[in-house]
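Structure record follows, encoded as structure tokens.
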Amino acid sequence: MPEPWPTAITKIEPNRVAVRGYDIADLMGRASFGEAVHLLLTGDLPDPAVGRLIDAILVSSVDHGATPPSALAARTVASTGASLSQAVAAGVLAINESHGGAIEGCAHALSRVIEIARLEGDVLDAAARVIDEYKADGRRIPGFGHRLHTADPRTARLFALANEADLYEEADATPTALDAARALERAFAQRGKAFPINVDGAIAAVLLDLGYDPGVMNGLFIIARSAGLVAHAREEQTRMPRMRRIDPVNHTYDGPPDRRLER
Amino acid sequence: MPEPWPTAITKIEPNRVAVRGYDIADLMGRASFGEAVHLLLTGDLPDPAVGRLIDAILVSSVDHGATPPSALAARTVASTGASLSQAVAAGVLAINESHGGAIEGCAHALSRVIEIARLEGDVLDAAARVIDEYKADGRRIPGFGHRLHTADPRTARLFALANEADLYEEADATPTALDAARALERAFAQRGKAFPINVDGAIAAVLLDLGYDPGVMNGLFIIARSAGLVAHAREEQTRMPRMRRIDPVNHTYDGPPDRRLER
Amino acid sequence: MPEPWPTAITKIEPNRVAVRGYDIADLMGRASFGEAVHLLLTGDLPDPAVGRLIDAILVSSVDHGATPPSALAARTVASTGASLSQAVAAGVLAINESHGGAIEGCAHALSRVIEIARLEGDVLDAAARVIDEYKADGRRIPGFGHRLHTADPRTARLFALANEADLYEEADATPTALDAARALERAFAQRGKAFPINVDGAIAAVLLDLGYDPGVMNGLFIIARSAGLVAHAREEQTRMPRMRRIDPVNHTYDGPPDRRLER
Amino acid sequence: MPEPWPTAITKIEPNRVAVRGYDIADLMGRASFGEAVHLLLTGDLPDPAVGRLIDAILVSSVDHGATPPSALAARTVASTGASLSQAVAAGVLAINESHGGAIEGCAHALSRVIEIARLEGDVLDAAARVIDEYKADGRRIPGFGHRLHTADPRTARLFALANEADLYEEADATPTALDAARALERAFAQRGKAFPINVDGAIAAVLLDLGYDPGVMNGLFIIARSAGLVAHAREEQTRMPRMRRIDPVNHTYDGPPDRRLER
């Protein structure tokens, strides 16, 4: 018998399923889904305030309408008579460097700013140097600017929630990823470019300051967006004719009218 | 220009993304991920107590260790050098009738019990008849009994949370799916069979009583388990050698020791 | 150590790979790909004439332009920065009941005609009865009629090749699937409907007469079309900008002009 | 109306489907599947000898038993009740850098040897330098050596067929990829290492000498192996119990005994 191979995620015993040491039956009703995701991906159960921040990140990415490639791929596959899991899997396959990948890409740029600033002292100088490095490679820094959303309220909201979570009270590392993000905005502005940080960049900064591995950040987007993909695949299955031509632009929203959240 | 095609899920405008009428920036920090999922899948924002119930259902399904086919498929693909989304998609493809599908399957059986009971009056008689119908078709009723978990604490916990949410205070429909589930347990017991409802069956009963379409229930499992699949795929990418033979049985847990949730 | 599990497909030994008993190194250059596919899927190496027929079936399904859902799904995923295998997998996920599935669907209808004709004698009566059965279920018989191709030359070509292969010389079973297909055409015509058998129906008839299991027929389409999906995914990767909106209708062909095969 | 987007692969008109300019109905029965694949992937219909070479390459990769990750992923998904396309898609997702990717990887190394040799004259020196370059990067050159097959008859067979196809009669480019492959073998030998070219390396050399883009070579493997994946998925669906634990090592072959190809 060869050595058993190890995993540090979940222990299964009769009548007990424990994620990272915590019994799932105990977590149910006491930990939010965001806390459970944080526990799974980082190994630690966060305090509720950080849990709310993770929930907010998941909610921010839960759907972006019918035109992202993931929604179109899921609908295209659903329109052939596919099962729900088959359609959702096709949608997940569209989450890559150019769709959902800006979070990880931005985290790498922020890490590089932090690395240089720690060695050489000034975060604004470091940001300028990273912009030059990317330019020399012919690459754009992901997470700044947006085609459609020029002042995305999701970004402001996320930073406000990060403050409420005291994420930056306890920050002992200097500069933080948030400092690096702000420095990049200023360095862009000094070159006459208005590239405000967008929601992907904001998520990258917050997750980096929370200690997330950049290589798993795309996973958070996959988890969140899988909810939107289920909704699109199911709507396609139940409301639309099979094998229709799905126009990627010419569609209209006919759901509930705008309504305010009274909380 | 042909007619635009309709979708009732999300409206995208510059600087505004609204799911089922609610601005996502408003939802962030004010609605939990479970509430956002409920909003996406049913069209309505639930009250927080129901949101906690959805969160509890998502938490209950977040992972089940390394041996379910979805985890093995995700790891097998990750071990070839695949990206995270590629590995997770392979895992999602394994969520089907025999894995994750018991929720939808049980919901159909519970619906059938309710349908007969409404016509003919007695829920226990209806349950007995549904057991006979399945038997005549050579099928088992999904959601009852479990190979490994004979007294799954997740089941009891979910029903307790459903009670806390006053889900059954307001129930005007009679019998509820929970009544149907209990009737099936009793009808099995009358035949000398101990087939207690398992966690999949409990989820089916609660979701049916919350008004969910059985055809979307598998989607809730996909959303929840995508978190576990990200964790397994990333652990495989970062901790294990490429192209290893992944034994589906002979493995060991080496994560954090058992710890209590102090809340 | 538990019992080893059995497979009847391929035996691997040092310096020898044998498919259904034949050394692959011997097959290379001596058996066509069509013969190898037939060997894999049925267990027997066909004579070269049948091999040419399988090759012709594979060639007939190799691509159908940019608008089938499989090509659109593969391109949509490729446009996000996906790898080739990731894009092709998304395309394969779109091969289902409504796309590629007509072959298997038609084979079931032809089998039903044969079954009735063997019991009751007349194939035309049997065909009429099967049309009625499908109508009563609210279903159309797949493999007859076509939205775009009213007189598909691929159909005539395939039946001509089947004759050349003496497929119907040796036919001892009566009626053949080809007989059943012709009977269905006549039965439709008697009701005033011009539903000629299409290329999917012709493939179904030939494969059924060759002894294929209907449940594997979709697989032949998957194998053939994977070639087209590779071509579309690679063209998208190398020729088109990332994240473009892929219109499912409004496109143009700019490849080599029409050219004749001089053979 | 925006500009139509261009594709150079297939033109669809009523009653005519033309791949790269050739009517598919004309190709059926006159061009082999290998020729059709070459036409799709390179844009040109090859002469029959080159077509046989492509067929031989496809046949060489058609299956490698039950233990490669692609077969295991397809079987794992099939065991949950998945459809054929769903199971095959999961298998395709496992074809990546470490599984099937050696062909493209080797092609890059051979191209580098050719590039240096053209600049500096001697192919053996160029091979030695490329080995040093890979070593400095901590990488192995793919396509040389094999864990299981030390003298793979598929390799010798493929080179023999390439000679029969007069592939190297007409070679005007010097050195060829085959020259580069032989030079790498000698350069390894001079360092005391027996790393003979394996079947992946041989395929890479032949495809490179046929003018294939290295970025599409993985696609040829996907096309070929999709046949094996269909066979494994269908065997799992029809012969094995649902949700079984699929041991990646402990299995046995119980198909037809060894048989000789009499041709």
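A, B, C and D label the chains in the order they appear, each numbered from 1.
As a convention for this text, a residue touches a chain if its C-beta (ideal position, glycine included) is under 8 Å from a C-beta of that chain, and two chains touch if they have at least 3 such contacts.
Everything numeric here is computed off the predicted structure, so don't read it as measured data.
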{"item": "Chain labels contacting subunit A and also subunit B", "value": "C, D"}
{"item": "Identity of the chain that, by mean CA position, is farthest from subunit A", "value": "C"}
{"item": "Whole-Å gap separating subunit C and subunit D, where each centre is the average of the chain's CA atoms", "value": "23"}
{"item": "Distance between the centres, which are taken as Cα means, of subunit D and subunit B, whole angstrom", "value": "41"}
{"item": "For subunit A paired with subunit D, centre-to-centre distance based on mean C-alpha positions, whole Å", "value": "37"}
{"item": "Overlap residues in subunit B, where contacts from two or more other chains coincide", "value": "1, 67, 82-83, 85-86, 89-90, 93-96, 246-247"}
{"item": "Subunit C-touching residues of subunit D, taken from the complex the two chains share", "value": "1-2, 4-12, 14-34, 36-37, 40-41, 43, 45, 52, 55-56, 58-60, 62-67, 83-86, 88-90, 92-96, 100, 148-154, 156-158, 160-161, 164, 213, 215-216, 218-220, 222-224, 226-228, 230-235, 237-240, 244, 246-247, 250-261, 263"}
{"item": "Contacting residues of subunit D [partner subunit B, same complex]", "value": "1, 67, 69, 72-73, 76-77, 79-82, 86-87, 89-90, 93-99, 101, 242-243, 245-249"}
{"item": "For the subunit A and subunit D complex, residues of the former touching the latter", "value": "82-83, 85-86, 89"}
